[in-house]
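One structure, pasted below without further comment.
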Amino acid sequence: MYKLEARDIQLYYGQKHALKGISMAIKPNTVTAFIGPSGCGKSTFLRCFNRMNDLIDTCRIEGEILIDGRDIYKDRINVVDHRKKIGMVFQKPNPFPKSIFENVAYGLRINGITHKKFLEETVERSLRQAALWDEVKDDLKKSALALSGGQQQRLCIARTLAVEPSVILMDEPCSALDPISTAKVEELIHELKNKYTIVMVTHNMQQAARVSDRTAFFYLGELIEYDDTPTIFTNPAKEATQNYVTGRFG
Amino acid sequence: MYKLEARDIQLYYGQKHALKGISMAIKPNTVTAFIGPSGCGKSTFLRCFNRMNDLIDTCRIEGEILIDGRDIYKDRINVVDHRKKIGMVFQKPNPFPKSIFENVAYGLRINGITHKKFLEETVERSLRQAALWDEVKDDLKKSALALSGGQQQRLCIARTLAVEPSVILMDEPCSALDPISTAKVEELIHELKNKYTIVMVTHNMQQAARVSDRTAFFYLGELIEYDDTPTIFTNPAKEATQNYVTGRFG
Amino acid sequence: GGGKKSAENNAATSIKIDGSSTVYPLSEAVAEEFRTEQPNVNVTVGESGTGGGFKKFSRGETDISDASRPITAEEMEACKTAGINFIELPVAYDGLAVVVSKQNTFIDHITVAELKKLWEPAAQGTVKTWDQIRSSWPKEPINLYGPGTASGTFDYFTEAICGKKGASRGDYTASEDDNVLVQGVANDKGGLAYFGLSYFESNSDKLKLVPVDGGNGPIAPSQETVSNGTYAPLSRPMFIYVNTKAVERKEVQGFVKFYIENAEKLSKDVGSVPLQSNEYKMVLSRFAAKTTGTIFTEGKTSVGMSMADLLNKQEGK
Amino acid sequence: MQKIKEKSIEAFLILCASITVFTTLGIIVILSIETFQFFREVSVFEFFTGTEWTPLFAIKKYGILPLVAGTLLTTLIAIAVALPLGLTIAVYLNEYADQRLKAVIKPLLEILAAIPTVVYGFFALTFVTPVLQKIIPSLSGFNALSAGLVMGVMIIPYVSSLSEDALSAVPKSLREAAYGMGSTRLQTAFKVMLPAASSGVIVSVILAISRAIGETMIVAVAAGQEPKFTFNPLQSIETITTYIVQVSMGDVPQNSLEFRSIFAAGITLFGLTFILNNISYWMKQKYQQKYE
Amino acid sequence: MFKDSLFKYFAIFCTSIGLIVLALLLFDIFSKGLTRIDWDFITNLPSRRPERAGILTALFGMMWIVTLTILIACPIGIAAAVYLEEYSSKNRFAKFIEINISNLAGVPSIIYGILGLEVFVRLLKLGNSVLAGSLTLSLLVLPVIIVATREAIKSVPNSLREASIGLGATPWQTIQRIVLPACFGSILTGIILAISRAVGETAPLIVVGALVYVPFVPQTPMDQFTVLPIQIFNWTSRPQHGFVVNAAAGIIILLLFVFLLNSIAIILRNRHNKRVKY
């Protein structure tokens, strides 16, 4: 069975037709990469999976998104509970204006967890997984906003990991990270995929090739090709894909 | 003679010692890349060249920064005129809440240029250089905030180019761009270096290697090594540099 | 109405007074003195204006209403529909002073007819210089100051001088606050104002009092001339109206009695003018007799009558 | 369970928001009942076109225009003071002054809004007017000018503090971009920061205008109580609010036609602010579209 | 650059105007009233003799009123603002309320007084009580609080909401834990302005039935009361010079009270703003 499934998704921002009939099925415990030029709808599609587009007034969506076989748009689903199972890391780092500790503990706290020991352990583990622990372990009380961009992004990843979701959506999670941190995060993604289903948007071909099992190529709101990653990068079916991954595109 | 020169720069954010005695000289019409792990002070150092750190209350700086031989911190220099000669592109896209056209025309307008034809030509040329013209040419009156992240960043580049500065500082200009746009920007940087002196921060080793003439490696607020790019990437003097560029660092 | 039931074991009882701001200082003074006599009675005084006071009074929200003019027919009607009877008690006078600036050298007195010429509606836009009033006065521009049109003072002055309530020219500088008028006229050489006598007394260094000739020669207002009625027609009576139901309460009865007995002494304290001693006796007996209703029957006004006459007339009826 | 909690919270929030609607309804109902009575005796046409307002005189005229003119005149003067000063101060505090200075000046200025308005009234009457009379000899003792000026100073903090808040909320990166392009502080402030903060700035200005229109004590004390159909700021005038206070706290019997005139005046004021608010609301919508 | 410094001096000039007016006012008031202030002035009951009159009951009445008004108006105002910004997705109802609120901000305070009199005093039979007065003032300051709070909420970057929602927080949790704390400082500014306004109000309270001569301190919200501005207003209209001095002294106390309120809020705000910076 598929973990995530999209069926003929049409998405509009007001008049703008941003996604044009996208269908895709994602197996559990895999890493899927979305690639494509800027503005092609990768982020938009990613955000369909946790109904984040609900927050945009002008946004209208048609089609079905199934998670574990349940349509999250049509069924009488509890959106909030649903989002808890789907973690998300965003393109721009967006730490809360709280301490580093409280940022990571946030997801637990809103679930009513107050046990101090448990919070501390989870925060430490999450920060370690996000390769940030060593840099901040003495400053957990400091405001997260004082961190550099890269540190902030890794904090946001740690924050998501703390609630142990079953799917993690990542929108260019490494775009603000240096190679070392990036490598760590990629390693982490590798580890996580044993437990989680991961979908990530990336601009970095190498990253997509290195990390993902499957790759989807988007162009102008359409899903051009979706296949195993090696196939996409070495033997794609469409010429557009070929041109894009080899950098000849434009 | 050197275009830019830094002499023993010490920089503090309040108590935090962010730059520790950095000296560096940059020749005109070259591309210099700053690399180093997140939080090492690359952005901070870059911002010394156009005195952008002046805007941060807690920031204190010692040492000399010379541009065309003049110390921009000590001499009775006009900071504003100075900044006009130094363009800057930031890490996070930050278009003004104006139309696309007005964003690019902004730099000209503040210099008192109102000639319509000239404005239009400059805007078009700059947008073309930034590889954005085709996407927005029909929507020049639209708010820049409606663009996607990648489009916004290219707009910011166009905005800087419009005023034709003599030095361009770029803080991870491509971190929000897709490979095609990135390639275009890199190409553009190549072209521009005939007329301009370019300093860029990047997390992308390949980019640094492809684009720059000289590369500076920073670590924990110190300048570890500064040399011709091929040397840095193939035969660095310091082991730390070696480890970093080969990804073994951390 | 009439406050919370005082059933609770020896909790302080209360008396609620509201109404005219002109009468307020006197009621406040009485309430203050009453405390030494009966510290357990909480007397409160408000100043929402005579009209506002009567409104509350007619809804049974207050025990006593302060008034700077007699109750109107409409207000009586409202009381009647609510089943409220009242005892009307004059407690003091408010003398109206006509004043000019200290810098004004030519006005030494003024007749009622001249005041009328100056203030009547027809004067608006036509009477502009002092020589139009009396030929011996210089041809200097006239600037008039007077109370706001919503005040009892305005009503009374227009009725006493021009013969009809509200009959006044409109092109004068108006303010509800007499201190503001004082400021205005004090620095205005061609200015003339009328307002409460007490405001002149506190500012006699800046202002010149103008004696008014009501037919018996110019008379300047003073405690004495107002009280004995020789300063006519510019002194108006002030009243309290007591709810008869409230009078059934011992503390209210005690308070009203205390009010009448001490009004003479206290009104001097606060700057208004007491009635004559014998008039207070009449008022007290009026209260003792619980005579309800007003002395000012249809069409009758308080202008040009001494308080004793009025009270006598009522007794005689 | 959670859902019920969320729903009940939302219901509570809606209730709170609705209180403002009930308030308006209450005001309209109370004003209308009396106004209706009033218009049974006074012609609506005369009321809205008459240029004489003398309900309390022997010869009664019910033309509201003099009061409207007085209200608009003092408000205009006040805004002419508060808008440029307030905005300039907001920009200065946000762009020029260092943090410590700002932390002192902002609250100091907020005190201006906290001083009881009676005090301002006497200040206008006993200080500002005499000083102005030295410059403009024809200035009357009570006048719209000094009342308006002082009122303008009083509402400065409404513009300066709230606009400064709006400016502070503009992302730091925008300011950096503007400086990076070689903008002067002035250009940064007026070409980038103010447009970016436009919605907050407009709101602050609307609030200040509303405050000026509704202000009572200053105009009652210093602008006079002489309804005149004039836009000459040197003369004494009367505003709608002054008339309402004057009558509602005065001697006028409360179920008379004279007294009812305050409700008709009140509804006029309400209508006036309603029109102004809709104009500015519309302007705000248009303005925002351009920038967001 | 020249224009720049020109503007700077102009701005300093503008700021000075505000501050100079403030200084003049304060000087005027302090020179008149400062000598009158002593312990007796604060602890005495009202009196017809200026030199014996005190403000005890007015001061306590005012504290009652302010406290109750804050307790009533702040939760409602913030809740309404939250609803308008975070829940109503720009529907007609929200638009209607928005226009409605800006209209309310322009209604003269005395009309609120009339409303309070009819609704709280008479309809709800609260009498001329502290509670009726506070409810009236709450309605009066509500628009100010709502408008300011909305602006504050707007300034919170959307990315923070998304992050919180993405972690599975409910809308209310997001508001309570992320949005409101992040803009708490600006909300306080609005509340300071609103409360400062409530503290100085005279006319609506007189209409609602606040008295002037009250010889006792209110013990419960149902007691009658007077407040300092009414006492001051009364004193300024009395003929005797001694009352003018009393009024000035009363104003000084009133200002000190406002300073106290403001300082508390400003300290909170500055401490908060230091913590939160984007």
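Note that the chains take the letters A, B, C, D and E in the order they are written out, and that residue 1 is the start of every chain.
One rule holds in what follows: a contact is a pair of C-beta atoms (placed from the backbone, for glycine too) under 8 Å apart; a residue touches a chain by one contact, two chains touch by 3 or more.
Here the structure is a predicted model, which is why all the values come from computation and not from measurement.
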- Overlap of the subunit B and subunit E neighbour lists contains A, D
- Shortest path length from subunit A to subunit C (each step joins two touching chains): 2
- Distance from the mean Cα position of subunit D to that of subunit A, given in whole angstrom: 50
- Query: So how far apart, in whole Å, are subunit C and subunit D when each is placed at the average of its C-alpha atoms?
  - Reply: 36
- Query: Which subunit C residues reach two or more other chains?
  - Reply: 21, 47-48, 52, 177
- Task: List, in ascending order, every residue of subunit B touching at least 2 other chains.
- Result: 80-81, 92
- Task: Pull out every residue in subunit E that's touching 2 or more other chains.
- Result: 1, 4, 157, 170, 206-207, 236, 278
- Residues on subunit E engaged by subunit C in the complex (per definition of touch): 45-49, 122, 127-128, 206-207, 209-216, 224, 234, 236-241, 244
- Residue ranges of subunit C in contact with subunit D within the complex: 20-21, 47-52, 54-55, 68-69, 72, 74-75, 78, 121, 143, 148-152, 154-155, 158, 162, 164-168, 170-177, 180, 183-184, 187-188
- Message: With touch defined as at the start, can you tell me which subunit D residues reach subunit E in the complex?
- Response: 2, 5-6, 9-10, 12-14, 16-21, 23-24, 26-27, 30-31, 84-85, 88-89, 91-93, 96, 103, 105, 107-120, 122-123, 127, 150, 153, 156-158, 160-162, 165-166, 168-169, 171-172, 184-186, 199-200, 203, 206-207, 209-211, 213-217, 240-241, 244-245, 248-249, 266, 269-270, 272-274, 276-278, 280-281
- Query: subunit E touches which residues of subunit A in the complex?
  - Reply: 50, 52, 55, 57, 80-88, 90, 92, 94-98, 106-107, 109-111, 143, 145, 156, 159-160, 163, 165
- Item | Partner subunit A, residues of subunit B touching it in the complex | 36-39, 43, 91-92, 135, 147-151, 154, 172, 175-184, 203-205, 244, 247, 249-250
